[in-house]
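Shared between the two complexes below is chain A, which pairs with chain B and chain C, respectively.
Then we have the complex of A and B:
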């Protein structure tokens, strides 16, 4: 099998959500001593992007998105030790601290955004749900993140997004991280009003937004 | 007379939003709403009373997040039966004659395998305990609502029917996408309503997500797929939050009401509100839905 064929099969495995095949193909790429960065960029990433496209067109739904993210994670777990061994640093598209703000236990949307960002080459630090606002900032400082992503499903907890930005201002850290907000009640107007760097309506748009803000 | 008997004679009016009513009365951010069935029953009862006064034929109990799995998110899972029984009792106590109490059952907030970690048996067990509590607290029927996964809705329906002898209503929540109305899990309207009917739901329909204009379109599609009484509970648009924390809904009362007659023309038999609606919405809807009723 030549390289191009392998890339096509990798894409197909991701698009069709076949996890063990996505892993097997990663092992095959290692065995064939292929350039693993190229395998990721021309095989896996276009695969998950196609999953996102199909979702936007209404062909795919949450289960396919979740499965696609899991296939990516499984394949990356196979590739990562080899990348480490060869001391190859995969190009991280950016570092993201993400979580659902305090008082809010809803994490389905946040998990999906985290999974899609990670599948698309971002380094994701997921703090979970009901996260203290201070913790977002502490973690972002500690890890030198590019982004703080704040999720909220409730109109009451959405104020936590605003408060986090106020806290950043108090600490003279405003502008140091790009703050993205999301969740059912959030919208662009809200993001503008509270001084966030962006809002995305769904996980795919979040990936596009973060990529754009990183200049990609 | 049961609520089903009433549905046979005329259109039935449900209640509107509950969470926003709780917040208006000082419910703190991040707390467990169902805990107030024991801690602040007078507040819960007052909200139900306001809806009955506004004209609701039936109200939904404060137990939307009362499945054991959902309550576990607040560390309250051991109180599942107690909190649900209390929820139904409060509504039962303020219920005027000829009106009804619907025991609300919302989603667990978790996914079934393979997307999540739970099995159908675990979901069913979690819903069964909730249904028993609601039934023992004297709910007149159960309303499984805002379901985004047909498999989960069917778990709740099976559990409710097994654990109680109450009639069960089910509403799914559909988004309007490029290919029409689907749940976020990809379940089509026809597939959902047929499967729910087959498993013994006595009334089916949709709530949340859509405003009343889109809901009217959806009702038409639903009517074509099921002979069962049809439920429609639309949101008042999308929430808009000001920097000061004040919440308004994009559609607003007058525009919302404009589409209520169309809900009925298109085939809805059981109408109520959802997010962004309040007793005032219900009072105005009563004039449309229960036209000619004393």
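Then we have the complex of A and C:
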């Protein structure tokens, strides 16, 4: 199998959501001593982009979208040790600290966003659900991340998004990270009201928003 | 007279129900369920169940849960504020109450959703009080002009001041239970009196999949001990927080609710508990939980049938819509839900007035929905054998000139046989046009103004009001809230 064929198969595996095949092809690429950066950029990335396109066109629904993200994650997990060994730094589009705010255990929306950001080249630190507000800030400082993404499904817990921004202000860190908010009760108006840097309605729009804010 | 058939909707065969229950029991036993509440875990542990304290996972044996089912009452009686009017929650009785805890209100004047304030909550409660087909109140709006720390108790406080109807409510914080119970007891004249004549239902929602949080498990325990009925609100989202198949979601729903029943009965044998829920068919395109989806309603009707099989009172979130305004979709989804819920004999149906995925209340929709509920009630009252013979005697001496309109038979029965709506348009085109071609929301709005102007608020007596205000003020103060909005 030549390089082009492999890239095409990788794309197909991602588009069709076949996880073990996406992993196997990553192993094959390693075995063939291919340039792994090229494998990612010409195989995996176009694959997940196509998944996103199909989703936007209305052909793919959330199960296909999230499966695509999981395939990417699985393949990257195979490639990462090799990249580390060769000391190749993959281009990160940005570093994201993400989680569902304290008091709220809903994490579907957050998982979708985390998965899509990660599949699209962002470095994602997922703190999970019911995350103490201070923890978002501490982790963002510690990892020097670009974004803090706050998810909330409940109208009662969405106040945590506002409080996190207030905490950032208190700590003189406001403006240091781009704060994105999401979740059923949130909207652009809310984001503006509390001084967040952005709001996205769904996971794909979150990727676009984050990319735009990174100037990509 | 020939007995009237009570029209009935059932979606599951007996065999299918038993299969779903069997699998729910198997999951509770083998996989267990998470209960993040120390007291509940202790109750389970004392009952001999295997509890993993580290993970808060409890493995429930079928025999224990069945014992709990046997002590849970199959019928609950609620009483209004005066203690005189009784509402039976059980059998195939149907009671509608407005969809609860909306964070936004649809402002008729602007056509936009906005945050509700105390005045909106008072209007909402007063309006519900006027609507005959909405039997219960709900603490339907969360006032944005009071701090969140007292938001749950505040809406109950307003509800108890301005309404006589029993109320469906719930806690947002563990510590709110006590003052909320105190408010209810103050109206009832004591804790014992409250337990013997419940005035409120407290909702408690497990977190899908298979988890009872600290807050909700505590609410079950506290309510059980106070004799306040708990409503178990399982809410799997198909393919997102539960299995994608309707039957798969039902298994999880039943497992979560059975655990809830067990908590109530272990806390207090015989505690009133309602087999309810707010599940939804997850929209795989948009990631939203559509309450107006037909599959959502199918899950509701399905678990309600299982609840009845288990001999428990039932509840569902139906008769509501995901539309953002009072359009055709709002009427369509609400109408279908109200009718299906009523046909299924679901005892408490929460939803009227609600739009936008349980997030927005509309006063205009509430009065439109009251008419929808009237239609549903009329439907389930069935076709009656009013008199005998049915017709032959009325046709004696029949001529082409016979007048039905002036027949005593007509006068005797027309108001009982037929419902005459106020909001729905039944005018001729010309009459409708001459009145300004008003859309339904406008007609509803004008009707609300009339209703509120002609019905003085059903304010609680001075003594009880003083007591309610004392309890609220003390709790507010303890939470650092010193000023509260003025009330009419």
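Throughout what follows, the second predicted complex is superposed on the first by the 216 of 216 C-alpha atoms of A that agree within 3 Å, B and C clash if a C-alpha of one lies under 4 Å from a C-alpha of the other, contacts with A are read in each partner's own complex, and residues count from 1 in each chain.
Note that in this section a residue touches a chain if its C-beta (ideal position, glycine included) is under 8 Å from a C-beta of that chain, and two chains touch if they have at least 3 such contacts.
This structure is a prediction, so every number in the text was calculated from the model and none was measured.
Student: Touching A:156 in the superposition: chain B (first), chain C (second), both, neither?
Tutor: A:156 sits against chain B and chain C alike.
Student: Is A:58 touching anything from chain B or chain C once the two structures are fitted on A? First, second, both or neither.
Tutor: It touches chain B and chain C both.
Student: In this superposition, which partner touches a larger number of chain A residues, chain B or chain C?
Tutor: For chain A, the partner with the higher number of touched residues is B.
Student: Return first, second, both or neither, reflecting whether A:170 touches chain B, chain C, both chains, or no partner chain.
Tutor: neither
Student: Should A:194 be classified as contacting the first partner (chain B), the second (chain C), both, or neither?
Tutor: A:194 contacts chain B only, not chain C.
Student: For A:143, using the defined touch cut-off, is the partner it touches chain B, chain C, both, or neither? Pick first, second, both or neither.
Tutor: In the superposed model, A:143 contacts neither chain B nor chain C.
Student: May I ask you to decide whether A:20 touches chain B, chain C, both, or neither, giving the answer as first, second, both or neither?
Tutor: neither
Student: When the two structures are overlaid on chain A, which partner does A:92 contact: first (chain B), second (chain C), both, or neither?
Tutor: In the superposed model, A:92 contacts neither chain B nor chain C.
Student: Applying the document's definition of touch, where does A:67 land relative to chain B and chain C: first, second, both, or neither?
Tutor: first
Student: Identify the partner contact of A:185: answer first if only chain B is touched, second if only chain C is, both if each is, neither if none is.
Tutor: both
Student: Using the superposition on A, tell me which residues of chain A are in contact with chain B and, in the other complex, with chain C.
Tutor: On chain A, the overlap between the chain B and chain C contacts is residues 58, 61-63, 105-106, 108, 155-156, 159, 184-185.
Student: In the complex of these two chains, what residues of chain A are touching chain B?
Tutor: 56-64, 66-67, 102-106, 108, 130, 154-159, 162, 184-185, 187, 189-190, 193-194
Student: Inside the complex, what are the residues of chain A that reach chain C?
Tutor: Chain A reaches chain C through residues 58, 61-63, 105-106, 108-109, 112, 155-156, 159, 184-185, 202-203.
Student: What part of chain C is in contact with chain A in the complex they form?
Tutor: Against chain A, the touching part of chain C is residues 103, 142, 148, 151, 172, 207, 211, 213, 237, 239-241, 284-288, 357, 359.
Student: Show me the residue ranges of chain B that touch chain A in the complex, using the header's touch definition.
Tutor: Residues of chain B touching chain A: 19, 23, 29-30, 73-74, 109, 111, 114-115, 177-180, 182-186, 238-243, 245, 247.
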